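Accompanying notes for the structure given below.
Chain lettering (A, B, C, D, E and F) follows the sequence in which the chains are written, and residue indices restart at 1 in each chain.
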Amino acid sequence: MNKINHVDFKGKVKMVDVSKKPITYRKAKAHGKIWLKKDTLELIKNFEIKKGDVLSTAKLAGIMAAKRTHELIPLCHPLSITNIEIKFVLEENDNNNSNNDNENENNNRIYNITCISEVKCDGKTGVEMEAMISVSIALLTIYDMCKAVDRDMKIGDIMLIEKSGGKSGYWKRERD
Amino acid sequence: MNKINHVDFKGKVKMVDVSKKPITYRKAKAHGKIWLKKDTLELIKNFEIKKGDVLSTAKLAGIMAAKRTHELIPLCHPLSITNIEIKFVLEENDNNNSNNDNENENNNRIYNITCISEVKCDGKTGVEMEAMISVSIALLTIYDMCKAVDRDMKIGDIMLIEKSGGKSGYWKRERD
Amino acid sequence: MNKINHVDFKGKVKMVDVSKKPITYRKAKAHGKIWLKKDTLELIKNFEIKKGDVLSTAKLAGIMAAKRTHELIPLCHPLSITNIEIKFVLEENDNNNSNNDNENENNNRIYNITCISEVKCDGKTGVEMEAMISVSIALLTIYDMCKAVDRDMKIGDIMLIEKSGGKSGYWKRERD
Amino acid sequence: MNKINHVDFKGKVKMVDVSKKPITYRKAKAHGKIWLKKDTLELIKNFEIKKGDVLSTAKLAGIMAAKRTHELIPLCHPLSITNIEIKFVLEENDNNNSNNDNENENNNRIYNITCISEVKCDGKTGVEMEAMISVSIALLTIYDMCKAVDRDMKIGDIMLIEKSGGKSGYWKRERD
Amino acid sequence: MNKINHVDFKGKVKMVDVSKKPITYRKAKAHGKIWLKKDTLELIKNFEIKKGDVLSTAKLAGIMAAKRTHELIPLCHPLSITNIEIKFVLEENDNNNSNNDNENENNNRIYNITCISEVKCDGKTGVEMEAMISVSIALLTIYDMCKAVDRDMKIGDIMLIEKSGGKSGYWKRERD
Amino acid sequence: MNKINHVDFKGKVKMVDVSKKPITYRKAKAHGKIWLKKDTLELIKNFEIKKGDVLSTAKLAGIMAAKRTHELIPLCHPLSITNIEIKFVLEENDNNNSNNDNENENNNRIYNITCISEVKCDGKTGVEMEAMISVSIALLTIYDMCKAVDRDMKIGDIMLIEKSGGKSGYWKRERD
């Protein structure tokens, strides 16, 4: 009988064993952005996107996806989530030098929606991925609902902002 | 009003009520095997199966399926899994009397991969099914990835090896 | 940068934050009914529906759906369910004034099956929705299995009957 | 070797084999109701339920559940749904003899929301269950979002209204 | 910019691209076994297992799991399944030389249940995995329901028996 | 009876009805990036991340998530995906003026992994969201596997690159 060691080495995939960790109160906050055309933002604000109320739908999609994080991210543990809170901020920059408005829009992507998600649980491991997933799926839902009028939208700046609980305790992002 | 009792008798299906049980630390270990052609084993070892790295994929499939045990097995409870660890051992028996190698392969199925899975949780009931499911899905994934070259593969010897925690405590398999 | 406040107001969707609540033992009981033709009820009782044993299948569907409540109801929390118990009562009213049996059946819907579900968990929030979901899916499964012979079946009277645990404690339905 | 026939007879459960059926364009429409207190209806209308916009959330929950019908109803086939459309109608009956308004509310359940769902697909079997599921989950979502203020809500009148396509062709409900 | 080629080589994982294949009628049949104690088999036959009717539950679990094959096996395609049929055969061997019955039971595992599953679809790829999954989950469900009385049960002989449709056409297993 | 029109207007959420569209061959390609520390990239390349082979796992997660797009994005249709292909490109820029390597890493985020996904189907609507989802989940999986050593990773540049099929035909991104 031969164990093929290089498989065990190269192909290893493993969960982090959290069985001996204490249950602590945990929070994680993430955010992300979607850049879009000025017109698209107007349609969202005025509830005129054909598929319906974009931000409510995106919020629900983000909440529901967070609950399924352990199904989507292969090595995540199932967690007893106690809250998921998602907010949107719309950046419009209408005060920009308005003479080259259109150009700005195309080049600098000044119109965007920021999605911020905070997730809480009592668990042996943190909810960072739940926060990251909910932001991503919320933004992707905005993309889906608006893609008929704006295929060029771009999603980015998805990052962890803050987390607390567990052995490593409080952490706050310090760079961009 | 008549209750039809024979329905309640014959057709009864019920979960085990674990609401009054204490939460204890639980472990379960299961294993299983897939028998395959010598050539198939070689392709797996050399990362030459067209669909990709077979054992890493099987391991991930097993881990992900364990997390969904309560969705697949009707009467299982959802559990807070804290770890799933899957290992593979490849049995090659190259030292066999090599003159009748091919014959052995076909008749005795001496080439095989053993999958061993250990699952942990803190819960009111055990993770035996999670361990059994992860072994089965990992082996079925091997079948899926190799079936283009070896439809005759056979899966078997799926059994519980060991479990601990809960009222019944430690148990170790004593027979084959 | 402008936050559009009316989106935050009208389009708000939020989970109830249960992170600070204590874990308590919780129970919820719900029930519902499906009205059907006398003949359909007979077929169910005699295991003669083509798709198979209707009540066992409905029971399993109800149990399995309860475990997925947090996937189906957008703002529900995932919960550690410890038991789901589903019962059926068949109302036949054979003692009715039998001379106008057929008429009654069509007009008054006196033949029906009641589904009662009780769900338990230890959690920060209750299992009311789990009980309601399991009743609904169990009844819908009866509909599915019998619809080839009785498309007119009607599902109703789905309601919470009782719940206990949590801050609001024991509650029992007092009206119809 | 003995086959135990009574298991095969009593315990039989089987899908309908649709493999030989042609793919046709299919539609199904179902509806259902939730009865609630006058105050609850007011809160829903004025977007003042704490959990957020009730009807939009219910609509989304209904749409998403319809897509998972084959996961929830054991013997349903997976289908390529091409549309799910959900509408709500709010019955308020404000013109009732207003002097005994409160009494009516409690006794006759005159305040309610009707949910109507129409589902379409091209398939070998119909989308009746998809329509029924989406109505049920939409109404259950209303229950979930409002249960903090109105535990007594009742769901009922869930029924198929119309369906077309397939061998049995067009069918319209003729009774209540 | 450097592409790291050894990742692309060793770590490759890929679906089979079936986009250019024609849709054909496909069938696959698989089977598997669970060996158990004589007493366990008796309990199953007599509907005396505490969790309920074992074979009906196992059948449903197998059917429901087949529909989720593409979620469980990473590289499987979603398929429009048109039928899943699961049968059980109970081997009892009561005619054995009855004087050493007990010994046989432990050593030779003569008591077992065979599960046979046949799956059909119209698709660009076959339903082999659906058949294999349904057999495996059905047998695992038997294990789950009986494990309180018989932890030593063993699952095996899971194999593809027959398949048809697609470019490779009809295939029938010729070896054990 | 009063229909509340402003709910129907503001709160409308609707799928696009694709029932009358023809089935066409469709493709969509999306990409995205994760920026990380130089050291993290080295660990990934050398298979030294504790959780295992990062890119294979990310690829599988992306493939599996694409198959569940219609569960995650509320208004997406279920589609018969025929292929999902995910590739990674690692940008290392080792030829940079190496004296200020560390500074560059922190300020300009020159180290990154690009994920490119192409999805195919025959359907009545396109697979743009499937491609976008698979990129996002693949990148989030990289984040999950490396977050123990690099919490500052940032995900972005998620965008559709190309799509074909359907009424709108071929489209290629022309801007950044």
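By our rule, a contact is a pair of C-beta atoms (placed from the backbone, for glycine too) under 8 Å apart; a residue touches a chain by one contact, two chains touch by 3 or more.
Every value quoted in this text rests on a predicted model; they were computed, and no experiment measured them.
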Query raised in the report: From subunit D, which chain is the farthest off, judged by mean CA positions?
Result: B
Query raised in the report: Centre-to-centre on C-alpha atoms, which chain is most distant from subunit A?
Result: E
**Report entry** Same or different residue numbers at the subunit E/subunit F copy interface, by half rule
**Finding:** different
Report summary line: Here the gap between subunit B and subunit D, centre to centre from mean Cα coordinates and rounded to Å, is 38
Query raised in the report: In whole angstrom, what separates the CA-based centres of subunit D and subunit F?
Result: 34
Query raised in the report: In whole angstrom, how far does the Cα centroid of subunit A sit from the Cα centroid of subunit D?
Result: 32
Requested in this report: Go ahead and note the Å separation of the Cα centroids belonging to subunit A and subunit F.
Outcome: 12
Query raised in the report: Can you list the residues of subunit D that touch 2 or more other chains?
Result: 10-16, 52-53, 56-57, 60, 64, 68, 74-75, 78, 80
**Report entry** Footprint of subunit D on subunit F - complex, ascending
**Finding:** 1-4, 7-8, 11-19, 21, 70-71, 74-75, 77-80, 124
Requested in this report: Name, in rising order, each residue of subunit C that touches subunit E in their complex.
Outcome: 52-53, 56-57, 60, 64
Report task. Would you tell me which residues of subunit E are touching subunit B in their complex? Result -> 9-16, 32, 47, 50-53, 56-57, 60-61, 64-65, 68, 72-76, 106, 128-129, 132-133, 136-137, 140-141, 143-145, 147-148, 151-160, 163, 171, 173, 175-176
Query raised in the report: Can you name the residues of subunit C that touch subunit B in the complex?
Result: 25, 45, 53, 55-56, 59-60, 63-64, 67-68, 78, 80-85, 87-94, 120-122
